[in-house]
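The same chain A turns up in both complexes below, where it pairs with chain B and then with chain C.
And now, the complex of A and B:
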């Protein structure tokens, strides 16, 4: 009980900080300030992942986004020495489009989160978010709670991210009680196994998509010599 | 008295309090030890530099005798008084050894006090913040350089586990399942410090230094991450404590002389692992901004690089951050390739069967010895190799190391496939 409430508090604090930094990204006029806000925001998201026990996801978030991509952003911003943005007159038209796009994206993400198998019956912060959002929108949380969805609808069952599942994967012959006693999750193994068996082909195709992006960038950036 | 013992028992029996207390103790210990090692490595650097260049180095700063009036001043020959007190003749080998160790002059520390005096000097220096800097980032940057190496040290195991009556204590601050990744991610964040220092100084040479540092750190992070993949393929885990345990049982990565390490399969793996070792160590040098990779603070072209505008303790933070990165880099190399805390030749299992705490103590000493040896190696390289040219650094990182590491992964996979 103590641990779960602590996790809830931590999640709320970190999520609030992440939101604050996300607002800072668009609110600051100086591009370096925005980039630094984005870095802190990524770090907070990584911390939320850590709090949920998804250590690998958190660390990948830090390595890839905060450690590499954002540093390159900062590098470019500093190298070009971009000055503060001009005060452009913001029309109402901009705001309407912005609200529409942001609302649609938020709705999509919420829908995906609610309809994930197991999202509404595990004591995770997503659940409280979903039920409270459902109460707001529909009035009764029970009606809003989705029916168990067919796993096939989502391209296969998602791997269960829990200590018991990890213990079962380590040792398939383990009994259910022993598996339930396990406390440590090695989500590196769970994600790796899922990614390189079930989702192997999509994963490789994505790799090629990234490669083609890199090749395109090189082709654009390279000066073509005329000799 | 009984009440205190009972209270202690109750407190330690509570799982959460037990966890909090032993983690906090390890945290404080780790922090203190790393700071001590930063100071120590500065001293090692200067003494070894002196030794290599055939000069004494900082050998004078000792505890002056006026601090200990009762032993008498230098003129009163405290060594003679001391020898007389214990009744040792002056021609005895002990007396000669003491004279050779300069014990007759002062309370000697072989110059060990020098880094402390340097620190004191930097504390007392005038702190100047130029008027043209961007203040917030100018102040933030030194913190971002010194902080990450300290945090990255959390996953490095410095001894094995101890079974107490309240539970098992694993001798690393955070026993995470993502050990090496944690170190790469967190120490990768120190690049922000260098970039922001260069940019916020708002003058030419620091800016160039900051850009160089960023480019170099990002380039070598790629090869560094890829170079340990063959190692992880062999270990099959990312938990550093388990990695070291594996090495303690089956031979160090580079010295498989006991356990399963004697099998021909392990020796067949030595080829990809050796390549990994060379590339990883070179990348650690580049990541720690050490010669031959100290392009970011190359005096001949950049005055002092990204910290040219800094003074006093802000400069000292950069200085300490560099040495902290060196200490952590050495610790990672020792942990991954040289057996970490393991004493070797099956001594770990025998010792822990005899007494857990004794084993932990011996392992801690072993870890420190290995760490010091590797820091010595760092310094040795610095005073042996000249600095690279900037284009050579980039070429080495992107054109050679990246290709070699990727090929090495395939080589390791092939070797693993054929020997299993």
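And now, the complex of A and C:
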């Protein structure tokens, strides 16, 4: 319980930082500041991926988004020598409409997320942490009420990862005892297995898309000679 | 553990902040950054669903592969988009989206 509430608090901190940086991207006038905020936002999202047990995707997120894409953005911002957006009086209704549309969408998504079955069952992490820390310190004999776990509560807590089941999935011929000895999930092996069997052709097509994208970018950004 | 709903709320809020940025900002480079943020928010939702739908403690890796594809496509999109922005800057000497009004005039 103690560990789980710590996880929850960590998630809240990371999520708050990610949202703060996302607001920073929109709010800063200078595009360089926006790009830096975007990097921090993506790094926080990568940390949340690590927390969800998707280590490979977290690393990819860091390398591709916070590494490659950020460098591209900064490169273009520096190359084009852009001045800060000048404040014109015509932006008023523009901003109001934008914020209104975004607010409505946010309300829709939040309502849908909260109304999932089991979404509101989780106790407040800070309260749980305080009670369990108090019990550790004082040695309170009062037992915490056992939380009933419902498998059908779709929106509730995510199921625990099981290294044994992952080991069996990775290598179906492994014996049950050997599978039980597995202590960690090798995320990369399982993703690779899925990627190179079921999604082999889409993966190759993605490679072609990247190649044609790069060639197209070079062709577009090239200086056109007038003669 | 953290419920699925919290991840979905985070993803929704990131998505809508990105949407607000796309609608409000005029600098095309910042609009583009906000688009990237929307893609990133959708990957958070996908990974959370992959955990929630998993059977016997193994996530559904199809969702994570799809998330990987999103990252790859985002990289290609950024390359093309920034090249287009550079081309636009060469033609117009500005990156404000309101400057593109030659069809209106």
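Please note the rule applied: the second predicted complex is superposed on the first by the 134 of 227 C-alpha atoms of A that agree within 3 Å, B and C clash if a C-alpha of one lies under 4 Å from a C-alpha of the other, contacts with A are read in each partner's own complex, and residues count from 1 in each chain.
By definition in this document, a residue touches a chain if its C-beta (ideal position, glycine included) is under 8 Å from a C-beta of that chain, and two chains touch if they have at least 3 such contacts.
All values derive from a computational prediction rather than experimental measurement.
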item: Touched partner set for A:18, first chain B, second chain C, both or neither; value: second
item: Partner chain in contact with A:204 - chain B first, chain C second, else both or neither; value: neither
item: Contacts of A:9 with chain B and chain C, given as first, second, both or neither; value: neither
item: Which of chain B and chain C A:68 touches, first, second, both or neither; value: both
item: Which superposed partner A:79 touches (first chain B, second chain C, both, neither); value: both
item: Chain B versus chain C as contact partner of A:109, first or second or both or neither; value: second
item: Residue contacts on chain A - larger count, chain B or chain C; value: C
item: Overlapping contact positions on chain A, where the chain C interface meets the chain B interface; value: 56, 60, 68, 72, 79, 185
item: Residues of chain B that touch chain A when the two form their complex; value: 16, 137, 176-178, 181-182, 184-186, 188-189, 191-192, 195-196, 198-199, 207, 210-211, 214-215, 218, 221, 225, 238-239
item: Complex interface listing, chain A residues touching chain C; value: 4, 7-8, 11, 15, 18-19, 22-23, 25-26, 31, 34-35, 38, 41-42, 45, 48-49, 51-54, 56-57, 60-61, 64-65, 68-69, 72-73, 76-77, 79-80, 82, 85, 91, 94-95, 97-99, 101-103, 105-106, 109-110, 112-114, 116, 118-122, 154-166, 169, 185, 190-191, 193-195, 198-199, 202-203, 206, 209-210, 212-214, 216-221, 223
item: In the complex, chain C residues that touch chain A; value: 1-27, 29-30, 32-34, 36-37, 40, 43-44, 47-48, 50-52, 54, 56-59, 61-62, 64-65, 67-69, 71-80, 82-87, 89-90, 95-96
item: Interfacial residue positions of chain A with respect to chain B in the complex; value: 2-3, 32, 36, 39, 55-56, 59-60, 62-63, 66-68, 71-72, 74-75, 78-79, 184-188
